[in-house]
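Before anything else, here is the set of structures, which you'll find just below.
Each of the two complexes below includes chain A, the first together with chain B, the second together with chain C.
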Partner chain A sequence: MGWRGWRDSRVLVGLVLVVAVVAVAVVGPWFSPHAPDTQFREQLLGNGALGTRGIPAGIGDVTGHPLGGDTLGRDVLARLLHGGRVSLTVAFVGSLVAVTLGLLVGMYTGYVGGAWDRLLMRLVDLMLSLPFLLIAIAVQAVVASSNIWSLCIMLGLLSWMTLARIVRAKTQQVKGLEYVQAARSMGASPVRIVFTHVLPNVLGPVWILGTSLAASMILAESALSYLGLGVAPPTPSWGSMLREGQELLGYAPRLVLLPGLMILLAVFGFNLMGEGLRDAQDPRHG
Partner chain B sequence: MGSPRPRVILALFLVAGLGATALGLCDRVSLRSLLPQAPQGPRVWGAGHRDPQYGGTFVFGAGSNVRTLDPHVAYDQLSYTAIRLMFDGLLDYQDAKLVPSIAESLPEVSGDGTELVFRLRRNVRFHNGRLLTAADVDWSMHRMLNPATGSPGFPFFKKLVGVHRFREGTAARIAGIEVLDSHTIAFTLTEADQAFLNAMALTFAYPLPREHYDDRNVDAQTQPLGTGPFVLKPGGWERGVRLTFQRFERYWRPGLPYVDQMVYLENLGREVATLRFRSGELSTTNAFSLADYLWFQSAKAWQPYVAKEAEATIWGLVMNNEIPPFDNVHVRRAVAHAIHREQWNQAKAGQLRLTGQPLPPQIAGHDPQLPHEQTYDLALAKQEMALAGYPGGYPHTIALWIGEGDASRLYGELAQADLARIGLRITLKPVSFAVYLQETAKRGQVPFFFSGWNQDYPDATSFFDVLWHCGSISDTGSNNTSFYCNPELDDLLDGARRTLDPRQREQMYRRASNLVARDAPWAFIWNSTTFEAWQPYVKNYRINPVVAGDYRFVWIDGPVRKGDAKP
Partner chain C sequence: MSSVLRFAVRRAGWAMVVVLASVTLVFTLMYGVGDPCVGKLGANARPEQLQACHVQLGMDRPLSVQLLGYLGITPGPDGVRHGLLQGELGESLVHGDPVTEVVWRRLPRTALLGGLALLFQVVLGVAIGVAAAVYRGKPMDTLLMSFTFLMISIPGFLLGIFALHGPAFLLGWFPVGGYGVGAMDHVRHALLPSMVLGALGAATYARLMRGELVDTLSLDHVRTARAKGLSPTRVLWVHGVRNALIPVVTLIGLDLPLLVSGAIVTEEIFAWPGLGKLALESVVAMDAPIVVGLVVVISVAVQLGNVTADLATAWLDPRARQ
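Let's turn to the complex of A and B:
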């Protein structure tokens, strides 16, 4: 298979964006000027007094805070840098859960077949028919846990289905190939066949789907945090920053635009990468 | 596949990103001049009449849904607003004073305060056309106090003679209620109760027609029938969306009401409400985001049509006195003194009226010079932590339950930061309002939560007896949610309730205020204000300081005209 992924500029741009955003999240906090939850209360809205041009005193006061403070006087730059950790952790761990589960279910049902195959595929149909975000909101509201790991697992458990289907089809295809038949007739165990022959063959689509999954995880986390169902305050995430800033959208749009921009960058990067990878693998593209 | 060229995507993306960043960074200066200017003042105007005009539709809304239209069951502000359009009580409030309504005058009270005789008006009609008599009041009181009705109103009427026997089922009637003639009814109490008259103005005591509410085919929650100035239109309640009322032509107050139709929108978010108000779709609004609040306060053209009113409420942090570490009075005091009230107010742009005691200023018993007023004093707070045995901080984290809204989260995070300074580590637990109400009323369940209390009527009993009396504690439906129980306070409260002399009574409540501030079952933080705006065509509206949303007798200066400038 011709692997032209690296030459497609979309993959490259996507990769650069993803690496940049990851670098911000991983390294950024070390360069953060302040802790993300320190409230600089001298920066608060002020005692009812309006500043110049109708802008409340305090919001937008930039001394010592390059991007100003939020409604609680917390440093916006620090929160942006730390907020990425939550969003990206959810993206990576959530996708990892989904990919692992999808791979296992897909390879098992594709290779073994039988009653379990039929049962699991109906489960896939069922879960695919449910609206993802709605279910995520419902589960978060009922579980009422603000723990980041439970959030990752929940999102992972809700998004493995498409991957399982694709892996299953690919597995069935690979299973019929001559060298796999040969390996089987020579007495190789199913586990060995699946991991040495099937797995390398299905990894291509897995990479593609995994990257777009990461993008949708970031969006889902932002949506949940925006609705107040994400990680517990005062831990910042880009989604919760959107929510916190919306009240002052008319006065201090940067409180919403900056985290929005970070989400845009990350999601765009992952999607670009996923799309580029897919087209690079598609024989119809040169 | 025809996906757009990467370079185009990249260019578009860069432009969007740079644009967003630029806008974000220069929001302090130039955004306003870049955007089209929204109209700064009202857009819908009245015709300029001086005398009341008839007709028109008045539209208002609320942020959540109306639960019930049964006056005996309702116990929330939103339901009250709808119920008060359709029903009347014997007594009513005007500017925080009790005034007669269906009753001709305030009742005759015997010298020892245990017997009250009400005379009723003879021209009061129910919406089905029948005239109201004393028998309706009698039947309605029995309906409300019958446990089968499920009314939360009983505690307000527990001093009625024979009410316990009636509720246990050992008496068919309440001995303390007696119909003297067709329009006279007497109530007898076991001892003088200064809160009883106020209780008679609550919706729990509203008279209902028996023939309607006894009918098995009638759903009392959704099919109201009263004596009030408005009638619910047939099919007029789209649940969760809107209620539509029309004027009752045979209302007993001559010439009232003025408007033809009232529309009450449910589940109207405050941002949306403000937008719809500014475009002229709503007649009034009273819920604003922080930014809109600041805007309306400063917009010159709106100043004649906005008002701010102090509400008789108390807000603060509730500590469950039965759950460690709040079983220790020193920890509670430490919390009360660690809250930096001034800074909280700054975060809310000065909307709060700060306090450190249980009663709001307009209630007799509030003491401007309270000896144990809870004030911010970090040194004292740390000292109290040391006295509690935690000089280096409390070793466990404590969950602080907060509501779902942006405001609750803001207060939660402020408390979190303040309490970290005295060594209390707090995690925030946002829960829905229904869960919050249910769980905080259970014994041993919620250690620490954020809460507010709105008076039922303007009297100290509406705060003390409900929130801090041992008698209000129960295992699953506790009104005393701090589970604070102090026999010394109970003696004081029971005595004050019996005391007829207002001066002496006030002194007793000042002592009670001091006691509760000192023992700190709550960290008292602020009393709220309401801020309302209405369209210039809305006349005869004043904020009712006891009952929010009293729009019954407004009139509309029609025909209304649209236009950005005053005609």
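Let's turn to the complex of A and C:
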């Protein structure tokens, strides 16, 4: 496939990847052979499977555990399937929070302007210069009952700024269009104009950015989990599986490779979709 | 020249606002939402122990008073002003060392790692971007852009883990983590982590550089230069790359917070005893004075970098002075 063909099929390939990963996360757990936190010490960590180094049973070593066990004797397939739920929930809900906030702020500041516009855009500048991960780990450490929802909200609250900027610019542009001015002169209320005329026009860039946001949310969640500040154990996530598996990288590389591959595929899929959508809208980028 | 000066003053004022806001946010998080005394005394501390600790740290006062005290505007619990304005950042709750001392000891290490990473990512990014733009539409372009796309999608820690295991541990090309002894040894230990950090960052620069260069090379004055018979190399570097570098300089400034985030993960993987690793350890231990002190130092450093990048852009491009 040439460069052209590849470029044109990126949205499709990305979509297929995203759908596949989402399917694994949504439907997967129902087909999971075991619970993600059940320990099978005897079968997966017993002497028969391991030899002497405390290496868990590997791929195909024990029937009923196709991908083997992890360092605590838990079924890797079950954890991969359940872990996807955490990563993708964060991706979707976190992006939803960011997109909603970015849309509201962007449309308000773009349409109304004035003092609030200046103030909120200053806030955007301000938040863009904060060290993201440093703030995120501080929040995760102090929020006493850190769960998946608080994680989504936090990541959303830290990621709406770029979207707000773009929506604002687009709103200002749409506001100046003749048919919008006509609607205004006919007495349509600002709320009506924003939702019937502005919103449909800004949705294009929002889809593009939302897709890239989902990718960066997956990366952020996995990084936090890798640092031990994500969703609390024993709930599995791809990032925390990687953290637990890395000490055995030399003996059981699949404990790092499998969750790593899932993260990579998900992020790759979302990014591919975002890039493809952007180029479809603005061919100049090619 | 005065427009540059006005620009510099305005820019410095904004930098102070950003630093103050970052400190306020993290101070509120650590002292208002979290409780440093729980970190100091452990989760099983008795209420009266916590109470005593709160009084000792001055946490029985309102949060705003505590913050003003931290900034050095109002006196602390002992009636003496010792805060940010006086150049004091307090002492660690875990080991009692002055925060300034701990941070100053580690700052050069992170500066070494971050500086090398920045060097790698700008040089590599610009090189890839120029090559892709020159070979636009050819297989080389596809190959380079696919590589940058992979780099954007790969989690930094995954790349770090494999770099540590492969080139360092299995092949023995690099030290397996750590900081080393002596200046040259520090640099040797910094090579692999900064290459990992730089490879991830380079992708963004490469894509920006390619886009800008493709746009610039199609501008009228470049076509004119070419038509006048200037050599293609000269047109590319003098008219193309020089102009396309302006947004790259801006990106360096905007990119610094990201470099800090990258350093937290990379330092953890490579056991590099810098500010990032300190941040993670102190956050987990709820060592509030260190965490807030780190935010002061990191946000000042990021703002200094930002201001420098902005001034460089203003110097390169008069339109940016507005």
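Note that the second predicted complex is superposed on the first by the 254 of 286 C-alpha atoms of A that agree within 3 Å, B and C clash if a C-alpha of one lies under 4 Å from a C-alpha of the other, contacts with A are read in each partner's own complex, and residues count from 1 in each chain.
We take it that a residue touches a chain if its C-beta (ideal position, glycine included) is under 8 Å from a C-beta of that chain, and two chains touch if they have at least 3 such contacts.
Note that this is a predicted model, so its numbers are computed, not measured.
Looking at the shared chain after the overlay, A:29 reaches neither chain B nor chain C.
By the touch criterion stated above, A:132 is placed in contact with chain C alone, chain B being left untouched.
Judged by the touch definition given at the top, the superposed model places A:71 against chain B, while chain C stays out of reach. Of the two partner chains placed by the overlay, only chain B lies in contact with A:258; chain C stays clear of it. Applying the stated contact rule after C-alpha superposition, one finds that A:247 touches chain B and leaves chain C untouched. Applying the stated contact rule after C-alpha superposition, one finds that A:37 touches chain B and leaves chain C untouched.
When the two structures are aligned on the shared chain, A:234 is found in touch with chain B, with no touch to chain C.
By the touch criterion stated above, A:222 is placed in contact with chain C alone, chain B being left untouched. When the two complexes are overlaid on their common chain A, residue A:13 makes contact with chain B while staying clear of chain C. Contacts of chain A with chain B, set against its contacts with chain C after fitting on chain A, overlap at residues 141, 228, 249-250, 260, 264, 268, 272, 275, 284-285. Residues of chain B touching chain A in their complex: 1, 3, 6-7, 9-10, 13, 16-17, 20-21, 23-25, 27-28, 31-32, 289-291, 294-295, 297-298, 340, 343, 345-351, 404, 406, 409-410, 412-414, 416-417, 427-432. Looking at the complex, you find that chain C touches chain A at residues 14, 17-18, 21-22, 25-26, 29-30, 33-34, 137, 139, 141-142, 149-150, 152-158, 161, 165, 169, 211, 215, 254, 257-258, 260-261, 264-265, 268, 279-280, 283-284, 286, 291, 294-295, 298-299, 302-303, 306. Chain A makes touch with chain C in their complex at residues 3, 6, 125-126, 128-135, 137-139, 141-143, 215, 219, 222-223, 226-229, 239, 242, 246, 249-250, 256, 260, 263-264, 267-268, 271-272, 275, 284-285. Those residues of chain A that touch chain B in the complex are listed here as 8-10, 13, 37, 39, 41, 44-50, 53-56, 58, 60, 62, 67, 71-73, 141, 144, 146, 228, 232-234, 243-244, 247-254, 257-258, 260-261, 264-265, 268, 272, 275, 279, 282, 284-285.
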